[in-house]
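Multiple structures follow.
Shared between the two complexes below is chain A, which pairs with chain B and chain C, respectively.
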Partner chain A sequence: MTDTVDTATDQAALAINGLEMSYVVRGTPREVLRGVTFSVQPGEAYGLVGESGCGKSTTAYAALRYLPGNGLITEGSIVADGLTLTDMSSAELREFRARRASMVYQDPVQAMNPVTKVGDQVAEAFTILGQSKDQALASALEALERVKIAAPESVMDRYPYQLSGGMLQRVVIAMALACDPTLLVLDEPTTGLDATVEAEVLDLVRDLRRELNSAVLLIAHNLGVIRTMCDRVGVMYAGRIVEEGTVTDVFDNPSHPYTKGLLNSIPRHGIRKGDRELFAIPGNLPQIGDALPTCVYVERCPVATEICSTEVPPVVERTVGGHWTRCHHPDRIDQVPDPEEVSIDHTVGTEEIIGVRGVSKTFRQRGNDVPALVSIEMGFAEGETLGLVGESGSGKSTLAKTMTGVHPPDEGGAITLRGREMKGKATERVEESIRAIQMVFQNPDSALNRAWTVRRILMRAVTKLTGLKGAEAEERAIEIATSMRLSERHLDMRPRQLSGGLKQRVAIARAFAGDPEVVVCDEPTSALDVSVQAAILNLLAQLQREERTSYLFISHDIGVVRYLADRIAVMYVGRIMELGTTEQLFDGPVHPYTEALLSAVPSVDGTASNRIPLEGDIPSPANPPPGCVFHTRCQYVIEGTCDVVVPEEVDVGGGHRILCHLPVDQLPVPVELTAKT
Partner chain B sequence: MARFILRRLLLSLITLGIILVIVTLIPNIAPGDPARKIAGGTASPERLMNVRESLGLDDSVLTQLKDLGGSVITLDFGDSFTKPGESAMGLVLAALWKSTKLVVFSLALVVPLSVAGGMLAAFKKDTWIDRTIVNTGLALSSIPEFVAGVILLTVLAVPYGFFKVGANAPDGASQLTVAQHLLLPALVILTVYFGYIARVTRAGTIAALDSDYARTAFMKGISTRDVFLKHVFRNALQPTVAVIGTQLGYLFGGMVGLEIVFNYPGLGKLIFNAADSADYPLLRTGVLTVAVIYMFATLAADLIIAWMNPRARVLTEGGGS
Partner chain C sequence: MSDDSTPEPVTQDAASGAESTPELPEVAGATRKQIQREQLSVLFSTPGFIVGMGILLFWVLAALFPTLITGTDPIISVRGADGNTFPREPPGGEAWFGTDQIGRDVFARVIHGAGSILTIAPIATAIAIAAGTLTGLTMGYFLGWVDEFLSRIVESILSIPVILMAILVVFTFGETTPVIIGTIALLFTAPVARTVRAATIAEAQLDYVTSAKMRGEKSFFIIVQEILPNVTGVIVVELTVRLGYAVFTLATLAFLGVSGRDPQLPDWGVDVAQNWERIGADVWWPTIFPALAIASLVIAVNLVADSIDRALKS
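Showing the complex of A and B:
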């Protein structure tokens, strides 16, 4: 797939040349693309990667000339398949979209018309090609079969809300392929999907590509997705491509300081919090419309010199394979500082602070019992991070809410604080217990009172959790803010005036206001860009070292969990299938579900991984499969045992618990995602 | 779906029960003595007692409630106090018929115009067309209906004979004449509701046009016209239907000022007069009728929305999927 390609415009499936675009906001044009140039050859997969606001999605839509109402192309050309899109009439453009190019979108649930049957929507992509209604419906069925959707006939008659996100994305792909497009644009096609579903969708796209020979333009913020899917990649920053080359060249041998910073900000090669910090690129992402006349990255670049702020950097070839960087100092790339080694040893205490003892949680729904949590057993030592992973619907958030007292557990289970049982409901807990368990949410926007200043938010948390009032509370609030590296200036701002990363710092500060024992972090960095995520993860690790706080860290990002967690619990249908130290989990042996989960992660390090497919969807907790809940999707299933008998937990050594019928010596060992360096 | 309708009707019955209690209590709480109004200011105490007894005003609240409950079942609410010999139900039905004509005729004018205006504003978002439609609607709906009525009467009915001063056509008039008479009040209702309905439609249409599914349709290469007809329309109009459904009850029972200005014998005026003259049987019947209309109108709106949106259908099925 990584054949060298020439970049002739006339035969390219897509050639974008010097594209400059602005969004007109209140009469003022704000520059979003500042001369984007790249081409995708027939049959090639080209990836665009970058953080939010860099213009990658704008570029993707521009490739089909779909501009928002206030979008304005000021310069440059878009040529696809020899046709110049920038010169087309609207009728020609419709024809182009109907027959030659297609798109797959980020959020498949929103991308489908909620009031029209799936079959009719897919058929529409065929009627536009001139087929009759019946022909189109037959073609639609074929298209759904082609994307390997389960029970395509019944899917035809369903409405979008009746399908899962993964199934809908298959439907969207089926529509996109209706015309056998020469150009297929995928805009964050797997963002928001579970890792296992993501892996399936990516596999599907890969298989179909071989069949179709379409050119693919893939937009993603996830470097692993780009690495596993694309031949070449362009790294975008502030509306410009700053580095381009084959995925191997760019990811293994980055030549632009931004690319290097980006790669250093994600946990790679299995590094852990005890090894080194993640690299948080200093400064903030530029806003759309900011004036960046010379090098777009100069403000944040650690190796910038005077010339960088006076002259536009040239394109510098790195290899004959078309690897180039837009930088004045490609020779100084090695001077980009590596992330700091962690000097203090990270040790976990021995005393159990919080215990979760046989906790079950059953919801009543339409007269039926829905067991959302079943006999959860775990404990947190002082200064320990327990990572919690599993697909959506596995019960991760329910466990978090039960621990914090949002839902009281069923009779018989208990949450203990230093051995003493706490009340189930937060409202009945004594102050000490409430203070002890605090929470940080995924979306700081909805977790913070938007009408209040940061100072007031923090002072209230201090007063509520410690009883301090007035000047004392304010003093404490400032102290916490400072330890979160928030400056005095931020205290009088309101949440909407802060960036996503700063908001999450405020949310963390709030949780730490009462000196908690355990902080439950529910996907705290999923909404953040990777360079911001790095800073938040560093902060959490540092707070833990200094305050000896324990974390329950929920994340779908296995790489992040591996970086931060001391132990990891794997959940499935409300049960803990496996619990062990991070080393035990990544070295194996592991539960078959864990094996599949780990193998689904697309890695930026590019190690070929044998993916263990997980067929079908996660079962509903309202109707769990008999025997082992995982047997319906397990490739090691023992007929007559797994589907009948509920497995007992087995200690495979060193406190590593696995809930499986397989004899220990037959348990799988996970494929090493990444070689440790 | 049947289960949903049944449940909604049951809920409506409970609501009706509550309204029944309230209308029963009105005479017991309201100031003024209906017996004195009927018998006249100079009537002797004996005459007053007789009238009171014949009207059932001395019964206990519970007995009154029981009587009224019976009336609801038999649909016989007794005779009007002020028009002896005429049944309250009969009077209300006559007024209801008049109101229905006015409401249907007005809606036939108001809904298409407001929806079209709202959609046009959405398509021309942030242009002078959009601003004109939105601001005109806002300005018009801020004029009280009786003021708008008087203005229209002066401006149109006085100089031009085509517009009629009275909204009530003479008995036996042709449909066309009836419509001619109803035109001015319908125009007033247009001023009241155009802004509201157009704004809701505009918002719904903008949301649907900006939606990801409309984008998907454009990306399939579908023409703007087809995107609108097949993807935008049904999604855009759901809030509009909900709004019209909730406003229907008011159109029937609340257009008092309008009916007085145009001297139209509709339900609003009937209820107003009944309250004014302490004609409790008439008042009770009128209020209960409006309540029933309100309930059926909102139920109909919910059913239409369920038909438009399968997602809402699940909700209407009460979760029993």
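Showing the complex of A and C:
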């Protein structure tokens, strides 16, 4: 982003002009793009952001005219590199996609053929360009070297399932670059990856862009990713771009009420739940197919007037640098209310409610013992949030499932409720223990029974967890639903009729049905859009204030954990590497792993100048490294100690526990990206 | 949220002004009724569905009220005013589909033949679906040794050719209609169980099942109340597929002479079996018309099944 790119070419790599598109759903065409116009210059990176359903992925696919069978372009043109895609025959389109443009999809696992060796698959991209088999294999090796994959020769001979997600995404990028594309479309390329891997892949794309001078169209819902990767950004809403400009202009000086709302809804600048609530954009995205002869955002806009619901707003220039907004009232942007800073009282109790005492969990896999959790030690006070972070595969979800009694822990460990030991399995636990620990899952689509109505889901939980029956249970179910801001109308609906945020509210309501002591939240907002995430986080914080509930809050989003958590535990290969209060963790000193984890997060507030690279993959718990499990990836590794001796836990002050050999004064201090303003 | 907590949820954050109080966010997507209506309209504009449904309704009508369609008796040979029979009369004139070896009206036999096949096939299919669903749910939910044990049984049934198995069973237990129904039901239970098992395994991995386990629900409740309503889609598809196969299998058994019925009675499979040798002598009509009837019924069932499947996915 900091590089100056050559945009002074008269021919854009991609120019989309007034594109209108519909999907035919159940026989009716429904409008999804309502006049999208933007262009990407050669060598430029252009980002599209917006909430799910706003049409950003459709635009990405349309850029290569790569549309599903029910997609219908009704108006407008797509011009790439001087060629009009909208007029091409299918043979010409194939040729165009083979030689001039490439696309990288969200899920690298699905983008690869599982039964073909990686080398052959990459080589295929070159044989299409007319190379001989041997030539193509040589080019494939070169391509893999270019994407800086570790041990490219051995990767050539492996099958996709033998590679990690991050490596696969590198392979997919290598294939995409085979034809030296003038246009590279990336559709949420890092969404399924861990923050540490995401940072690596983003670094790679940034380096390659410098090398190739190809235009990049990047689709992402993560504003931080767009900020660190792109030169210019378009903010999409309901099939229209509502604001466009350089990333600095748009993110630091938003000019459309929607952009402003979006930015206010993420926890930025290190704010905490005690500082203020997050801003949630009221209402919902219009449905695809809704007629919108108006400003698309009018229904949710705090500064809308009469004209906004009768006329399509004009494009208003904000700066000469090409920063514009599509708004009737660009002068009223300052009237969009800023979230107020008020201090909200969050007191944490002193009594320990749930204790996790030396809990280990070993799975048996094909005759081998796989220690997924190794002597976990932690406790929850009343009304406290314990944040749990770590890469995927570190054992976060296993810990959640062990606490809730889905898997019983190994002999020797215990989970205690107010000092009394609980049974390992949920079916063997007494009613009181079942009621005390409930869980909110990551994906509400999976967590709610599709065949049940909301009323039945809540009634069942109430009956089972409180013993209330009939009318009393129904009364209680309605009461919880109301406190989750669900109306009675919603009670008779089935989950698929509800939006993602509403579904998650139902799931939270179910967890709270029996007045629990601890609610385990396993990435409860990662499947949601940021504006909805804000509302859910506010709800969780409010419930905690009122009910004195404790949370085990698992998340990969450091900003979110920082906002909600009182204390944070960092997990790696089934072990707690560090545990301390949120202040202790962000002020340091911290464990070297924590330092790397914190620095990997792409932030919407700015770019990290000194990111600590975390190379390679997280080791498998089946085969943990000797000594300190982190020594294979640690930049401070002490030869002869870290790879031999298992470190002891050190208290660096105030109950801040770190599992590391480094003397306290040599422990790193995390890079502060998101300083409080 | 104990009873003494404040029931009014909003008040506190009104002061902060930050929380925008998502005012009962609107419902996502079209309502259930709307979706159903649109799916129905897609269904009724699919040519395959209309044609298939037309054929199917015709055969159902023939099975229920054959005499509405033809006044001719299917068993007694047609006789002229002089009392003569007209064997091997080609199609046309009085007998639309011609007459067979002993002068019976082929059209009347085809129409009256619908009854037996349209009774036996649906009953056998229904039993197979019920038994297969129960077995499949049990296997897919418990897995482990229960699944191992039942899987071996299912596999052993699947490994024996259907017709061979049917002939063996019918010869052992006697050639009666209940035995035929039972045989086909048993044979079709295996593939239904296998399909439902796969769907159940996928469902059982979803978090709502985990959540039910965390509430301490009994396995029976989870299987019947939580999982079953979510696998009805595959069961409906399996039902239509198996119905087509059942028609086919019944006709084949009748052709092989194990119909469980008096060969005098009209039956498509039996009629094909009794007449096919004469195709060589250019008497094709007593064979081709019942054969076409079998084909049309199987195709109709498949057309309807395909269209429903596609409408549900549109």
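Throughout what follows, the second predicted complex is superposed on the first by the 660 of 677 C-alpha atoms of A that agree within 3 Å, B and C clash if a C-alpha of one lies under 4 Å from a C-alpha of the other, contacts with A are read in each partner's own complex, and residues count from 1 in each chain.
The rule is short, and it goes like this: a contact is a pair of C-beta atoms (placed from the backbone, for glycine too) under 8 Å apart; a residue touches a chain by one contact, two chains touch by 3 or more.
Values in this document were obtained by computation on a predicted structure and should not be read as measured data.
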Aligned on chain A, chain B and chain C: do they clash or fit? clash
In the overlaid three-chain picture, which partner chain does A:V32 touch, first (chain B) or second (chain C), both, or neither? neither
If we overlay the two complexes on their shared chain A, which of chain B and chain C does A:V454 touch? Say first, second, both or neither. neither
Between chain B and chain C, whom does A:T116 touch in the aligned arrangement: first, second, both, or neither? first
Which one hits more chain A residues, chain B or chain C? C
Of the two partner chains, chain B (first) and chain C (second), which one does A:S102 touch, if any: first, second, both, or neither? first
Touched partner set for A:I554, first chain B, second chain C, both or neither: neither
Just to be sure I read the superposition right, which of the two partners does A:Y159 touch: chain B = first, chain C = second, or both, or neither? first
In the superposed arrangement, does A:L204 touch chain B (first), chain C (second), both or neither? neither
Of the listed segments of chain B (97-105, 151-159 or 277-285), which one clashes with chain C in the superposed model? 151-159
Which residues would you name on chain A as touching chain B in one complex and chain C in the other? none
Could you pull out which chain C residues touch chain A in their complex? 1-2, 5-7, 9, 12-13, 15-32, 35, 38-39, 41-42, 45, 206-208, 210-211, 213-217, 226, 229-230, 314
Can you list the chain B residues touching chain A in their complex? 125, 211-213, 215-223, 230-231, 234-235, 308-311, 314, 319-320
Any idea which chain A residues touch chain C in the complex? 25-28, 276-284, 287, 337, 339-340, 342, 344, 401, 404-406, 426-427, 429, 431, 434, 437-439, 441-443, 446-452, 460-461, 464-465, 479-480, 482-483, 485-487, 489-490, 493-494, 496-502, 510, 512, 515, 535, 538, 542-543, 545-547
Quick check on the complex: what are the chain A residues that touch chain B? 64, 66, 69, 94-99, 102-103, 105, 107, 110-116, 124-125, 128, 159, 161, 172, 175, 366
